Structures are given as structure tokens and as C-alpha cells.
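One chain, subunit A, links the two complexes that follow: it is found with subunit B in the first and with subunit C in the second.
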Partner chain A sequence: MTANQMALPKKKKRMGIDRRRSLEAYIFLIPWLVGVCLFFAYPIFVSIRLAFSDIVEFKGLKTAWVGLENFQYIFFYDINFVPTFLQVVYDTLLNTPICLVFSLLIAILINRKMVGRGFFRTAFFIPVLLGSGYIMKQLLGMGADGATITTGITVPRLIADLLGVSITEVVQGFLDRITVVLWKSGVQIVLFLAGLQGISGSLYEAARVDGATEWEMFWKITLPMITPIILMNLVYTIVSFFTDGTNPMVDYIYKVNFTNQQYEYAAAMSWIYFVFACIFCLLAILLMRRHVYDSGSKS
Partner chain B sequence: MTVSKKSGALKSKSIRIARTVALRFMFYFLLSALSFIFLYPFITMIAKSLMTDDDLYNITVKWLPSRATWSNYDIAFRRMRFRAYVWNNILVGGLATIGHMFSCSLTGYAFARYNFRLKNVLFVIVIMMMIVPVQVLIFPLYKQYSDWGWLNSFLPLVVPTFFGMGLNGGFFIFLYRQFFMGLPYEMEEAARVDGCGPIRTYARIMLPMAQAPMLVCGVLSLVWHWNDYFEPGVYINNPAFRMLPSVLPNLYALLNQENHTMIQVNELEGIVFNEAMLMAATFLCIIPIMIAYLILQRRFMEGVERSGLTGM
Partner chain C sequence: MTVKAAYHPRRFKFRLRKLTFSRFMLYLLLTLLVVIAGLPLFAMVCRSLMPLDELYIYPPRLIVHKPTLRNFSDLLTSLSSSTVPFTRYIFNSLFTTVVTVLASVVVCCMGAYGLVKHHPAGSGVIFAVVVAALSFSTHVTQIPNYLVVNRLGLVNSYWALIIPKIAVAYNFFLVKQFCEQLPDSILEAARIDGAKEMRVFWTIAMPLLKPAWTTLAVFSFVNNWNDYFSPLIFISSNALKTLPLALQTLSGGAGVVARAGTVGAATFLTTVPSILVFALMRGKVMETMSFSGIKS
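This part shows the complex of A and B:
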């Protein structure tokens, strides 16, 4: 033992604890690092290169640098890109708050003790089971080919007559949107539910002793305590709306890529799209940040 | 005087009871209304899948079919070659889930428990993995897999998951990181003092405690892989390797075609493929995953609550 230690050079013998811990960490990270290189970093590199160039020869992907030509084409010649893009931005801006408000509401409702808790929890999770796939895309009537079974829930005739055409249209539009949005908020509900469970019951007890009402407790305890999850859900929601399969922009990029086979062009388009998604997330984080409650114990 | 006081107390008590009852009623009403929105497309799907041809075109029939027919399921079952494709789905979903549970837990553990050089830079990559949509990378990946000869096999769907990539890999890494960050450090320190190496500490001490995130990761990964049609649709053309959700677009296309021409007849027994059969096929697609979820439902929810996603 001692002989062995003597034989080692002095430097190696006393490898700092930090160094060793660092090395251990990298052992755990090996699979992921390999994955990042093969399936993430390299494709990103190829994709960026494609966005700025023109494919000369498809075999082996030989490309010629053309600078911003692809981007110019997208903004100045493509008649589909800008309108589709604006539509997606508009939808995301409208859907994200609806999604967050309703999933928080539902999470608060099913967090209580009640009859049929298991049933309701399953009901609200059903969209996750069916969702994210072709089935939901078709069921929600957003399929490209129009074979649909539902167009949301309609305003009852009696109420429609009372309200008049213009208001009914607005309400109907809202209802249509709600169905679509709620169907995409399964994960958010689950995350909010987890957050609500994490709030210590003693806070509510103390508040109740001091005579606080449920309403006050919501604004003074529940909401501040779950701000970290609101932030997380906000980012998750924006990303999921942007990358969703039912999104017209995603459809369009896919079409340009595999139907029209304009790969460089699709790459440029998806990068513009991605940069905007990032900007949205950053804005959301910056806006939310100062309101986020920090328990100080974690992170 | 005492009497009037008593009656006043009684009155306020009855008012309070009435208020509680009203609030209860409102609560259940709201909950039922919201769950109806969630279940509406689902119920419509099941109802439609049981209708006969006559019911489909009869506008007075909206919910309950006048005569439930199971033959739709029979036809859908054969039409989509359910028995052949469901095994593909189980294989891919199962392997990919195992891959995610293995690689994402390792990565999440390293990020939660160690300080190492470039930690922040690498964590930014994890966040990027969550934000960069598949659509950005799909063509380079497609080219790469075709160079490696991986097209028309399950490799592009399964292998990346073993390296922490794949469908929503970043999300799962984040999930494990959040969970491990919430565990006490004393466990590992005790293990190290007793001479337990890092990998054994992880495998013998940390993993057995990580049942909650394992379950959450398992269920979500399985469900997402099961429903995914985008990537399989890009990488797999060979009918032998199709998966259930990628069969559906074909069926929908078929239905549209038949609506227009009305002479396209099913190659099976000369039956015209109708919407009811399509709905039956759609429902068949998700039955296995629904059964799996119903079995795991309670434990999954507990897992979500305990996986510590709360502390961000």
C-alpha cells in the first residue's frame, strides 16, 4: 500500500477533492455527452450551415455558402411564411394565458378532498394520453384534410338568440379555443397539482386561525407560493404551443422540407421560428422573474 | 332574551349550511363542466365508433347510437393490422422508456449532486434540448440516419433515448435533477465514508429512492412515444415497421377519398370504410395505453406529487 503510494508521482497522489468529484460527475455524464454530440450538437451545426447555404450536391451534402439569401427569400418572396407566422404568434399569445389560468383553476379544484377524485383526475389527464399525436389533431378538427368529428362546443341556441350574432361569434370563438387549449394542458395541470401539494398545510392553518377567507388565502398564500411553477409552466406552454404538431407553421416547415424538398430553405425557416420561440420564452422569464417567490432553501 | 339569541344563532347556522351546500354545488358543477370539455371529444369518439351507417347520416342521432354495433371494431382491427403493429409500438415504447429512465436519471443525478467544470454551460444545453423543436433538427437527423443506414428500422427512435436524447429527453433530465436536488446529502456522505464508490452509491442508494420520478418518467415517456407519429413518419417507410399512430393518417386519407368518389371499396369484404370505423380504429390505438395508465393512475399521481418538481 505504502509502496504503491510512494511509486506514484506526488501530483497525482493528491488529486484535489474538487477535481475528483468533477471527474466522477463526468462519468455519470458520459452517455448524455455522447448523445449531445451525435444527436444534438452536430445536427444543429448542419442545420445552421444549411440555413446559410445552397445544396450543390445532395450526396454527401455538399453545400455552397450563399449568406442571407435564404432568409431574404423567406421574408420578401414567400407569401405563406409571414401570415402563418403571425397567426402562430397571435395564437400563442392568446392561448398561453387561457391555458395557464384554466389549468391552475382545475388543479386547485381537484386538489381538494372530494367524491370521485380519482375519476376527475383521470378525466383531466386523458388529453395527455390521447394527445400530442395524430388522434388529437384530428379530433380537434385541425387536420389538414378536414376529416373531423368535433368543432368544439356550441353556444346553445337560446343564449345565441339573446346575445345577438356578433357577441355569439366572439363567445363561440372563445369556446372553440378553450376546447383546443384545455386539451393541451394536461401536463400543466399535473405540474400545478404537484406544486399545490408542495405548499405546507401549516400556512393555511395559520391563516385560518387569523380569520382569512378562502379567497384571501388564494391570493396571499397559494399564488405567491406557486410562482416558480407558473414560470416553469409558462415556458413549457410557450414551447409546446410553438412546437406542437397541430401548429400550421410546423406543418408548413415539414411540407417545405419533405414535400418540396427545399431543405436549406426549411432550415432557415425553422431557425427564424426557433429564435422567435426563444425570444418569447426569455421575455416571459424576464417579466415573471421579479414576481417569483424564492424560498431560499433550494437551488 | 335567551330565546331570541338562540334563534339568531340557529338562523346564522342554517345560513351557513345553506352557503356550504351552495358552494359545494357550485364546486361540483364547475368541475363537471370542465371535465365535460375534456371528455367531450373522447365521448364523441366512442359514441361514433359504435354507430351503424344509418346512424352516422341521421342527424337526430348525436350521442347514443340507436343500435350499437361492434362490427366496426372488428373491421378497424383488421384494417389497420392491429395485431402486427401493436407489437412494434410496444417494442419501441418499452425500449425507449427504458432508455430514458436509464440515461436521464444518470444525467439528472450528475447535475443535481455534483459541481463540475462547465456545469452551467452544460445545463444551458439541457434547457436548449427542451426548447429546440424536433422540426429544426429533423432533416439533419434524417440525413445522418440515412448515412448510417438506420432508416426503416427502430434504431432512430430507440438509440437516442439511451443517450438522454430523443423525445423530450431534456424534460426528463430536468425532472430527475429536481428530484435528486431535494434529497438529503447525508446519505451519500455516509456511503462515501463507508467506502462506497460513486457508481455503487448511485445504483444502490440513490436509485432505489427515486421511484417517484422513475414512475413519472416511465409513464410520460411511454405515452409520448406511443402517440408520436411525427418521427416514425419521417424515418419509417417500410410497412412492416409501421406503428399504430402512423397508420391513422392513411386511414383518414382513405376516408376522404371515399367521401369524394364513393366507389372506393374496402378490400376487406367489400365494405365501405366509414367514419365509425375510423373512430373505432382511433380508439383501438389508445386502448392499450389507457389500460396501462388506469393501472398506474394512483401511483403516477403520487409520483408527480413526490418528485419534487415544485422546487425550481
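This part shows the complex of A and C:
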């Protein structure tokens, strides 16, 4: 104890305040850094190596470098990868706009002062709590017993007769999608809500004095002001749809990985998949960036 | 019209009594959406209460006609005739989740505090790693992760479910956003009064960061509680399985037909803790979510 106290002032002089604080910081950071290195950085490194090689011996995972062979196989021989991948892309392209529009609409609705606002906010957030794993699959009816809950809302017979088969199918498809989308938009709703609350009330006040209608205020004030949040939500939505547990591509990679035990092949597929997800996000950002309102603040 | 109401509380009350048409439509629409969103949840509760003969009626019923608790008692009693009682799975899930959450809170808060309040050399690199990790999906690294866990000799133990989940980038990011708002002057004052760095962290920073780590705790709890992949990969012993995995064995094995109700009951039981945890901390979570959202 005393030795420690004696030693400290000396150290201070020698190290200087900056060095000492750096050292302290690393003492705080060490547990986290160790975790990240072990379970994030190193696995990523191994997985890149796996994608470009062939496993020679399972014990100790001895690998041989084969270059792009795995990737060639994926694109030219594998009959599952490309169709599944296109299906995922199609679903994402369709679900993302629906998801964004819906969550914005809901956020605007529950941003108003009204009875039961807390209830509604919680109700739309609850799906987030149930996670995206097995429970979600069970609930959305992709579970083992096959009884789909998403088809719970069926178009009533009378209306179906009136509309004809083809239109009913479209409507039914839309209804099925809505449930899935609503279940995935909890986070987006909260983010939009936060964005809406960040818009200064004086803007609306001024617009109203000038005689603007609610509709005009939405297009001229609300929408431009929340474009940063829209961009953020867009990226979030794309990533979450791509990495979702109910996603057939993730299922397929998983199957190749653990059922067929083709680790190197699965690693190559994951990387292709990941790179494509990144490209989608980048495209979204590039497309949106011109329209994003910049308030000129530091963020 | 309604926006105006938001700024005049008194007038708002008045409008409430006069249920205008547009307001009525608003409620109708919202209720409809809540019903659509809540339908799977509702169906799940109903299924867990359905007696066997109702489960297989065609067309399938959404609403239970003769509710029974048979499924729950089945789950807890008759299934325990198999080697592992259901309560054991509950314990496994609770234990691993709670330990993970506690460790994650401490480790991520410490790290974020060190990074933000001490600006060590190389903090830019560390932050870049965090952001990269945020956008990474976990299935890219599943196999190498397994290799690491295997080499550490943790496979088929509780630690395999706990240790890899502690240093999570998302948690770190959330706390980091909050740390930046901590006023330096308070920390400085404590240091001048002679508090050691650890003491400053525990008695000053942590209480101030409470909204951040409660949110972190809720999310970490929900994620780990519902996690299905890591027990699937790391756990092979029946006695160490967690709830989601046990659920899958329940619904996937032989005799699936007879167990549909039991699966419903198990699914229901699995969702309850997440909802409870959230209900307890709702205000804080909503606040933090909005906050970190704006800032990122």
C-alpha cells in the first residue's frame, strides 16, 4: 500500500499525464478488446482464409489454398445458390419500401397526443422483443407444425368473388406480407418517432400561420426534416432483412455449413452474401444522399 | 387540427369529448394495425390453451373455444419422463442469459468509458472496428467462432454460451453514445477529491449511465434469451440445452402431432420473460432508443 503510494508520484513525473491516461484507458478496455479479438477479429480472418481454400484435413482444420475455386463452384455449379439469392433480393426489394412506408405512417400516427399513446407505442414494439430466432419462426408459422398464422387474415369470400381470382391473389399476398413487415418494423417505428419528435414545433407553427394544410406540412416539413432518419432506417432495414433468421439464404448457408459440413464452401457463400448486402446498403446511401436534408449541425 | 391540440392541453381535453370523425378513423386504423401485428401473438396464446381435438380442426381455428391448461401441465410433467425435465431448460436459459447480461453490461460500460473519457492512443482504430462489427452479420464467422471456442475447451458447457456473447459491438456502441454526454467536470471533480479511476467509474459514471445500460441489459437479455444458433452449435448434451433449442427438439422429434399443443405452451412460456423484462423497463428503453438513434 505505502509502496504503491510512493511509487505513483514518481511514475506520474516520468510518464506524463497523457501516457498515464492512455494506460488507464487500456486497462478499462482490455476485457472488451480480448473478447472482440477472440470472437470477432480472429474468426473473420479465419473465415476469409477458408473462403479461398480447401479443407485437406478436418482435424486441426488444415487447409490448402485454391484461389477462386469455391466462388466458381457457387456461381456455375450450385443449383441452389443463385435462385435462393435472387429470391432474397426480390423479397428485400419488395419488403423494404413497404416496411419503411408503414413504419413512417405508424410513427406519425402515434406521435399525436391521444389516449392510449403509450399502449400503441408498446404494442408496435413488442415484436422486436420476441427476437428473430426460432420463436419468430414459430410465431410466423414457419415452424414445424406448418400451420401458418400469417395467412390468418383471408380475403372474405364475397369480396373475392367480386374481384376475381387474380386480384384476390395479389391482395392476399399483400395481406400476408403486411403481418411479416409489421413484425419487423418495431425498431424503425421507434427511430422515426424519435426523428419526428426532433422536429421543432415552431416550424409547424409558422407554416400554419401561413395557411398551410396538414397535407402540405407533411410534404414540405416533416418529410424533408426526417430524411436522415429515413436513410438510417433504410440501411437498417436492408441489413435486418438480409441477416434475418427466417431468410432462405441464411438457412441454406447454415445447412451447407453444419449439415453438409462444407465449411470452406459456406464461408465463401457467406462472404458473397455479405458483400452483396454491403453493395445494397451503399447503393441505398448513394441514391438517398442527394435528398438528405442537412441541418448544418455537427452530426 | 390535431397538431394544434398537441400544443394546447386544455383544448385537447375538450376535443376528446367531441369524438370527431377523423379522430375516430385514426383510432380505427391504429387498432386495426395493432390487431394485425398482434395476431400471431394472440394465435400463439390461443394455441397454447387449445385442447388436442381443437388443434387439428379444419379449417384451423384462431380462437380457442374450450380453453384448457392441459398443455402446460403436459409440458411440466409428462415431458419430464424424458431424461431432462423442462424446468432444467428454463434454468439453463435463465442462468446463461443472466450471467451474459451482467458480464456484458460491466465489460461494455468499462470499455466505452475508457475509450470515450480517456482518449487512448488508437481509439480511432478501435471505434472503426466497432462500426465494422456492427454491420457484420454473425453467420460469416460461425465456424471460426466454433474453432475458437473449441480450442478454449468450452464446447458443451455453459461458458460456450456466455463468453462469446460478452464483448458485443452493438452494446458497446450504445454505451459509447451515452458516455459522450457525460460531463467531464463531474469526473474531474471526483479525481481532484482523490478518487481512483475505478472508483470514479463505479460511483459516478455507472449511475449516470444507468439509462444506457438498462437498455443494453434489456436488448442483451432478449437477444440471448431467444438465441437459437449458439446453443445449437456449442451444446450437444441434452441437459445443457436452452429453451429455444429444447423447443425445437420438442416440435421436431417423433410424436410431433401429439405435441403441437405442448409446443404452443412452450413457445408461450419462452416469450413471457422477454415481455416482462421490457415491461419493467419500458420508459428507459424507449428513451434510449430514440436518443441513440438520433445521435448515430
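Heads up, the rule we're going with is that the second predicted complex is superposed on the first by the 254 of 299 C-alpha atoms of A that agree within 3 Å, B and C clash if a C-alpha of one lies under 4 Å from a C-alpha of the other, contacts with A are read in each partner's own complex, and residues count from 1 in each chain.
Note that a contact is a pair of C-beta atoms (placed from the backbone, for glycine too) under 8 Å apart; a residue touches a chain by one contact, two chains touch by 3 or more.
Note that this is a predicted model, so its numbers are computed, not measured.
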Examine A:288 and indicate which partner it touches, taking first as subunit B and second as subunit C; both and neither are also allowed.
neither
Which partner does A:232 reach: the first (subunit B), the second (subunit C), both, or neither?
both
Between subunit B (first) and subunit C (second), which, if any, makes contact with A:212: first, second, both or neither?
neither
Return first, second, both or neither, reflecting whether A:201 touches subunit B, subunit C, both chains, or no partner chain.
second
Examine A:113 and indicate which partner it touches, taking first as subunit B and second as subunit C; both and neither are also allowed.
second
Under the stated touch criterion, which partner chain does A:29 make contact with: subunit B (first), subunit C (second), both, or neither?
both
Could you pull out which residues of subunit A sit against subunit B in one structure and against subunit C in the other?
21-22, 24-29, 31-32, 34-36, 38-40, 42-44, 46-47, 50, 61, 106, 109-110, 112, 114, 120-136, 138-140, 143, 145, 147, 149-150, 153, 178-179, 182-183, 187, 190-191, 193-195, 197-198, 229, 232, 239, 242-243, 245, 250, 253-254, 257-258, 263, 266-267, 270-271, 274, 277-278, 281, 299
For subunit A, which residues count as touching subunit B in their complex?
18, 21-22, 24-29, 31-32, 34-36, 38-40, 42-44, 46-47, 50, 61, 102, 105-106, 109-110, 112, 114, 118, 120-136, 138-140, 143, 145-147, 149-150, 153, 178-179, 182-183, 187, 190-191, 193-195, 197-198, 226, 228-229, 231-232, 236, 239, 242-243, 245, 250, 253-254, 257-258, 263, 266-267, 270-271, 273-274, 277-278, 281, 295, 297-299
Contacts from subunit C onto subunit A in the complex sit at residues 1-7, 12, 16, 23, 26-27, 29-30, 33-34, 36-41, 43-44, 60, 62, 107-108, 110-111, 113-115, 117-121, 123, 126, 129, 133, 135-145, 147-148, 163-164, 166-167, 169, 172, 197, 201, 222-223, 225-229, 232-233, 244-245, 247-248, 251-252, 256, 260, 263, 267, 270-271, 274-275, 278-279, 282, 286, 289-291, 293-296
Across the complex, what residues on subunit B touch subunit A?
27-28, 30-31, 34-35, 37-42, 44-45, 48, 102-103, 106-107, 109-110, 113-117, 119, 122, 125, 128-141, 143-144, 160, 162-166, 169, 173, 181-182, 198-199, 202, 220, 223-224, 226-230, 234, 245-246, 248-249, 252-253, 255-256, 275, 278-279, 282, 285-286, 289-290, 293-294, 297-298, 301, 304-305, 307-312
For the complex, which residues does subunit A have touching subunit C?
21-29, 31-36, 38-47, 50, 61, 106, 109-110, 112-115, 120-136, 138-141, 143-145, 147, 149-150, 152-153, 178-179, 182-183, 187, 190-191, 193-195, 197-198, 201, 204-205, 208, 214, 217, 229, 232, 239, 242-243, 245, 250, 253-254, 257-258, 263, 266-267, 270-271, 274, 277-278, 281, 299
